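Chain nomenclature is as follows: A, B, C and D, assigned in order of appearance, with residue numbering initiated at 1 for each chain independently.
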């Protein structure tokens, strides 16, 4: 998962983008980058690490101009190297172009094979470079025309920002899997993965970029175009953004994330009440809003039974032998006064492998909980996402091969219940017709080719 | 403020101490250090920064032995240099000794002048070095005797861990301002500023180290001694640890912190209800428990109206001109769905200068709140702390020179109310007789000499 | 200028290459890199900086396999970024390939324009990437065939090492501008820019790679091929390698560098004696051998009148106002006892802009020299090199627009003399027929197109 | 060994000191530091590493004022940590003082024991801290009086710079083991370990600071005082500074170092000629001047048969198995043309353990030398230095337990000869009466107590 942010038409473009990326930091902490332009040259600064560490004041000073795009990238296995950082900036014949991409293409193997056969050389393992190669080989009367031709060849999910010294183009795939919103700050156009970043830079939210829409900002103002790829394509926005990924203070796909999560919690309470429960607690922070909804609908008291540490770092040294499994303990710790001798309903956003949930149940029981009933704010996650959410293989998804009862036993929970798919659809406006829920249903809106057997024979030791 | 942690008698002493410091990270993020001993040599590793950054695996491997003490230090103005990091380790004639100190001495100027006149050379600006100098000049039949003689000369607050290759001594000043607890992990004795760190290393909480107690762990086991400084000294534990500083999952001075904060919130609701209120929200994270207590006592719904960012870093680059005051915005952001058109009760732990509270009120109003009523989980902070909490000068404390009404106007809040001192005392067991509340009352249990005019003429450019 | 080193067939290939690069460090200090292969994967490690700083033990451990190539790069204006570091390693369709290049192509603009028009995307500003792009688009039955086709399209100078998991190919352009030698260490083939690196790894010198030769090392052994580009092409080896660039302990183009320099010094003494001279001193280190030759031929005593500092670093802070021009003083300092009241002959390898020579003359006079006679170990440098030596523009070459007398006055030298072109040719075996001396004569063996006006519009802020 | 440099009375004091330390870099590469004063505060900057790496422009900007002292420190076993860096700056009661020390005290154990018994706490293992402790406990009407009292208690060698905001004091021990010179730059007084650093900052050499002299620079000008410790003390300047340590362009103890080395070489040629020799070569760089003297006296040609690399770094990775002993090879490499089939006289400054000389002889033989005759520019080094030169224990000095013949066999040299002690004394003005030659004769001018058995029980893991 990633986040993108762009500004067209404000002299503090790179500073605003820096702020915007800060507000989108939850969408990716592996690397960050900004490309800015003064109308002539593209200036680029990218590094591994978080936004606050990647940019010093002098770095922003060296990114002049009234337009900029930025990117934060999520850490995924095996590809954590600088050359995969974005925005990706290159010089094509007669043009400089920078691209920031949130999403995941599904026809990369075929496209890459075709390009390599024609002599293209790849330097990274990211989809963005593939888009650049297609751009380089696609002639056209204008950059917009070239971009449109290229996008028609892409399958899968993308919310893209493409910048030249003269234009900023925003594009969203026809299904609109990943979010992208348009804002306004005085005369400037602002684009962001989520609306929370607009608020931080004091821009107002204009509207979402629509699925299949191409927005072009340049000296002539802002114009909207259609990809026209397939008029019959229905929107399939990612419901998991609402469940887990987006920030609760964002408005997403036309709805407030916090509201959706509370609605989910309320429905979960109706579907799966716990009769003798004493208290409802969330797994912080992502379970908080659903737990509040659950507590309010059930009339049970809401308490903060698990404290989340602000300092749970990425690199942590485990003692050799006698003490084990500190991963969850360093992040979460129980408040005994809340839990001891209580029948506890604990609400979490989802279960992936089940290992963390199992540790949480054990932690609550060690802290004295009489019973632990786990309630999950979505249906069982049975299928991997191929459109940008970093889920593991199907084999690692515990719900793909175990019943809810089996999972409950594994977790050592006294009961376990998932929100029904029907309940989820009713918690969001438009439900089935507007959202992708393939991770719960296996119904993929865009077909997924067989898993790629490609193995790179080039290893960067960085 | 600082945190200390120590282990006597476990082969993974430095690893356990590393974990313990991690759990105490909220007590200080400026520097961290561990001194370990194998019974012969003291091994020391100290650095500026957070625990996870200060220690790599190899650093812990180079801290062998079954005993260790550690320290995390809070950033205070002017003194952020490595030489102020702790534990402080030196070689005295015929002995090596390491000291980790949480607290603040009040007679340092007099003691330091006396020592310098006698030829002592100071390398740091920390109280700990003064203790070491006194130790160096105080003869005695044993280290315990020397320590006892030295402690009798100290005034103010201290929770100390003192380690030689042969002993670990824990001491708490007669008033017991700062916390210190004793735990047990198999055969090992564990000491920690807060009990939350015991849980992380899977040690059980034995009891508090008592005010005026000296605990000695060595080959002969664990022995308790009294300072015997003044039998009539009453305990004066810091009530602000309960209000703000300690972690809610700690048990402190015999009470759960989370419980105390909820009791405070309930009492605040009784003392200062808001009749037409729609919702209660906390300033996260320190206001959460009090807000829950307020909501439960008042019957109002509790919501998460302010989101706290996990990524609000220490160094942040402000744009030059057009966008200002991002400090609070980067840390907190409003959830409009919760706030818009609502009469909001916002609960915070305390008000120091008032600048942050003012920004929060403005943020809530910009997000559409109809009214904002601020409720504070303690009385007005009118006096600085000289016993270890890093409060500014009296002149900077807004409540020292303004009435509550004046402050409410400054904050642009529709109403403002502080918990009464009586209400605070009733929220903690023992109240006035056991706690120091000088920051609210000005009644200092240990006299404070005139503010030191001492100015160092030695500037380290590091 | 750069240096290349490669090993085929020794289990310590990357360690040997590390040593080899160390011995070639004088050919480039900007960046260093090694690509190694275990027959399946190419492993790459490249960094800015010197060999000893670029590689730690663990870095070499992560470069396994029996074959490796390495590169050291010289710092040139504007292009000092990591992406210009070599060897350049990419994955083509169905093949991984790494290239290390010493030299400078003269038809890059034309080739690059052609490639970009066909959709190629460039990530660096180095010739090596251009070669890679050509390789990617050039089909062929084998890598050798593809390489041969590509090399036929190149003009200018190159000594190349090209490595795949299965082969190591060495190539030298038809004129053989830059050196490249073949060595042997047990069963392994070793390739190096200079023979001094062979000695360090205890390999024996087999022979030079011939101009226009392609050597292929693989599982079938070592085979020699010809480029067959133009049978009539005559060798034009760079005479300036002998004068200045190569290490005196190298054997180059069939002759010992130290011997050539001494012969030059002897001839210089015959051509331009100084009658009343007291002493001959070199500008260390590059003028040492020629000064010895001069002293021996003239019967004058040789002394070390200028000391060269081992610590003259790259980054040096000049005081603001009162003290200036420390550049040369930090590197060289006079030995007064040798110089005071003496008529001094000072021998240097060459004069480029004249600014350094002027400072040296002034330094000698300030140290008390009665007269300073400068003797230069080559003819006046009147033309820039386009084949890999980093000379400035013609306008900055003092000898391109000034007579020797004018230069002598500028230097404030009592006399100045350059070796004649005839004298230079007689000092090397084969003279005019085998060597390129375009920097002295303007007779360029390969035509140079008009200087490129290309300006990149992409600025990397790294 | 170390170097010191100081300036009193120039607004660019810290910049000049930076330059001076650069010129003294050969005296110590482990750490560097400068303390500057603006008449009120002492500003300090110290780091591990070389001068060019320790100081950035901003660091010098933060060292304001017209006076400064600096120090470069040599790497010695076990004590390479920042806290041993100098100048040592502390705040005593009512005074700030900084000290830079070159030398080695011989009564440290007794003084340290006395101080520790009186309660002094040591933070480093350097003599300088001991001097500071003595200063702190020594009352006096002025800093000069206190310094004089303290120096009278010291035994061994010291060249000291002591700075307060109001004074700069320079002192040299009564024997004057280590050098120290006084220079003048406009109105400023400059002090330096060697005169080569005066030249770099364009100061003129005034004279040596005399053995047993105390120089005080302050607002009243420059005044000379005597230690008056012992009127009968004779100067014993270190002859090894002339042989090896000092830079050849320095004037030391009243004589040019280059001249002394050439005189040594000439005398060596007279004492130990090699009848059938073809060529004389130095071990660069320290053997160059002596080799030139030898060549000139013997009429043999001088050649550069060994090339010294500029890039022989401190950290070098040895290959695991098949290739060994690269230490010398990375630093020196033979020029075969000079050596092959020749009878070679190789001149080096001294032999310590013999391991390096053995490798050099082998290197020359492998490069084809018919015979190798080694000539050493001093007598056999049979005794360790206790006055500041970093020699190993007596047991490691090959000449302490082997005859010259035995050493020659170990080196595999065809002959070996050391300069006689008589020859050495005649090569320097004043000879035996003015110089310390204890390393050759064992006649120590200041008695050395039994080797200390003290072992620190405090280990800094930095």
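The criterion applied here is as follows: contacts are C-beta pairs under 8 Å (C-beta built on N, C-alpha and C of every residue); 3 or more make two chains touch, one makes a residue touch a chain.
This structure is a prediction, so every number in the text was calculated from the model and none was measured.
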item: Most remote chain, CA-based centroid, reference being subunit B; value: C
item: Geometric centre distance via CA averages, subunit C-subunit B, whole Å; value: 62
item: Centre-of-Cα separation between subunit D and subunit B, whole angstrom; value: 50
item: Inter-centroid spacing, subunit D versus subunit C (mean Cα positions, whole Å); value: 37
item: Chain contact topology (line, ring, star, complete or other); value: ring
item: Each pair of chains that touches, named by its two labels; value: A-B, A-C, B-D, C-D
item: Residue ranges of subunit A touching subunit B (in the complex, touch as defined); value: 12, 15-16, 18-19, 22-23, 25-26, 29, 50-53, 55-57, 60, 196, 199-202, 247-249, 251, 256, 258-259, 285, 288-289, 292, 296, 301-304, 307, 309-311, 313-317, 319-323, 326, 329-330, 333-338
item: Subunit B partner contacts - residues on subunit D that touch it in the complex; value: 40-45, 59, 62-63, 89-94, 96, 113, 116-123, 132-133, 136-137, 165, 456-462
